[in-house]
Amino acid sequence: MKSQSTIRVRYAETDMMGIVYHGDYVPWLEVARTDLFRQSGLTYRELEEMGYRLPLLGLNLQFKQPAHYDDEITVEVRLKQKPTFRFRLDYVLTRGSDLIAEASTEHVFVDHSGRPTRPPEVFKKLIAEVFPD
Amino acid sequence: MKSQSTIRVRYAETDMMGIVYHGDYVPWLEVARTDLFRQSGLTYRELEEMGYRLPLLGLNLQFKQPAHYDDEITVEVRLKQKPTFRFRLDYVLTRGSDLIAEASTEHVFVDHSGRPTRPPEVFKKLIAEVFPD
Amino acid sequence: MKSQSTIRVRYAETDMMGIVYHGDYVPWLEVARTDLFRQSGLTYRELEEMGYRLPLLGLNLQFKQPAHYDDEITVEVRLKQKPTFRFRLDYVLTRGSDLIAEASTEHVFVDHSGRPTRPPEVFKKLIAEVFPD
Amino acid sequence: MKSQSTIRVRYAETDMMGIVYHGDYVPWLEVARTDLFRQSGLTYRELEEMGYRLPLLGLNLQFKQPAHYDDEITVEVRLKQKPTFRFRLDYVLTRGSDLIAEASTEHVFVDHSGRPTRPPEVFKKLIAEVFPD
């Protein structure tokens, strides 16, 4: 289960070092997650409409090379392990053949009130197809 | 009815021109509004808890001089005219004696579902003290 | 001289009202400007590499309807008047047939040190083709 | 070597989950770093004026409890180990007695052109006072 997204770097995302501000990589990961869900046939928007939320438990970013304004960055996201009520996503950010950054995020399913909850059936079915074990 | 807020420019708010990105002035206006409400004795947070929202109808910004990382910017906000269900706020941004920017925002009271509504009694009372007419 | 860009709303761009934060429309205008330049055959990146900058003198936004997470927003940008050393761009933001917002930005050409300057020849040529007068 | 900063959560920093967007913690860490430097007698701005930059090599964030609009968040930052040309900072984010998040960033000194470099003498002196060994 993986997907690829393309990000065109915005001027707003640069800082006075002339490169992308490190914090502005974070929304790119979210764009990649949104695309991963959409491509899997269950949009994150629908998931929220069903009453679920997927807040982050953790975030890790390793910066390899700076990114610049107007660069086209490819963000590849992958679900490597079968998720339980928690799951982890891994990201690789590249510009052509240059490795820009690596990242991971950890998520938990919560209900409307913020309490951890089991993932919805539609998500479990999706996962069962990818990780048939 | 006016208040003053101090903003220390964040690195995140600069861009590759070496100055503050023009869009990053917008949250500063919001900080000034939050302070204006707090100082008037009714926090914006309470207003939301009472079921009101104050979305923007319009936003105007005139940039006079660039702002830089670590600058201390003073944002003065003023309610010049008696509000009806709509109201307008005016802002002056300075760094010491330098004029950095001027701005205005226009707001409308809406209820939980986004429909325009009359302001709450507590707000009307506040306004009646400032604009006794 | 006009161009159209498509923006997919990021989760990062929403606020606790459940809609797009008003300040997060500003980078969308910049995306539209970048596309307008690219389509005209002179990227904004090249313009900066030639030593020019295009800071904003002013920004105006009129919000018509809220935008939501995962919406596809079309930003149309247009240069209506022949630019001198200053110029103004007008924007219309739509989601399908819904008008989301209208905006304008005013810019000035400055050199590396921030001083107002005449636009480069390549820009004047471009403009002369669009506004032959 | 440590310092404490107070952040008032901006509306801009919330998302449609009603809590602070995870990516908006990142600039808070930067505010804490800026304060740490200032308090140590060497502002980060001066460091840049001397030709140094401190880009991030890595960033780690562990989210413990959500933060909300208008919350006052305390960010404590600490340099635990004697830095070489690289160094790591650790952060604890609290709201009153609630632990909100823990974080760390890793940095490297680079020169104007982005090449790794030894820290300036004034920084080494500062560090020698804190880690006399």
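Some notes on this structure:
Letters A, B, C and D mark the chains as written, and numbering starts fresh at 1 in each.
Rule of thumb we're sticking to: a residue touches a chain if its C-beta (ideal position, glycine included) is under 8 Å from a C-beta of that chain, and two chains touch if they have at least 3 such contacts.
The model shown is predicted, which means the values in this text are computed figures rather than measured ones.
Of all chains, the one whose CA centroid is most distant from that of subunit A is B. Pairs C-D and B-D differ in how many C-beta pairs touch across them, and the larger number is found at B-D. Distance from the subunit A centre to the subunit D centre is 24 Å, each centre being the mean of its Cα atoms. Between the CA-based centres of subunit B and subunit D the separation comes to 28 Å, rounded to the whole angstrom. Computed from the mean C-alpha positions, the centre of subunit C lies at a distance of 33 Å from the centre of subunit D. Shown for subunit A are the residues that touch two or more other chains, namely 11-12, 16-17, 19, 23-24, 26-27, 30, 48, 69. The touching residues of subunit C, counted against subunit A in their complex, run 8, 10-13, 26-27, 30-31, 34, 43-45, 48, 69-70. For subunit B in complex with subunit C, the touching residues are 16-17, 19, 22-24, 26-27, 30, 48, 53, 55-63, 66, 114. Of all the residues in subunit A, the ones that touch subunit B in their complex are 11-12, 14-19, 21, 23-24, 69.
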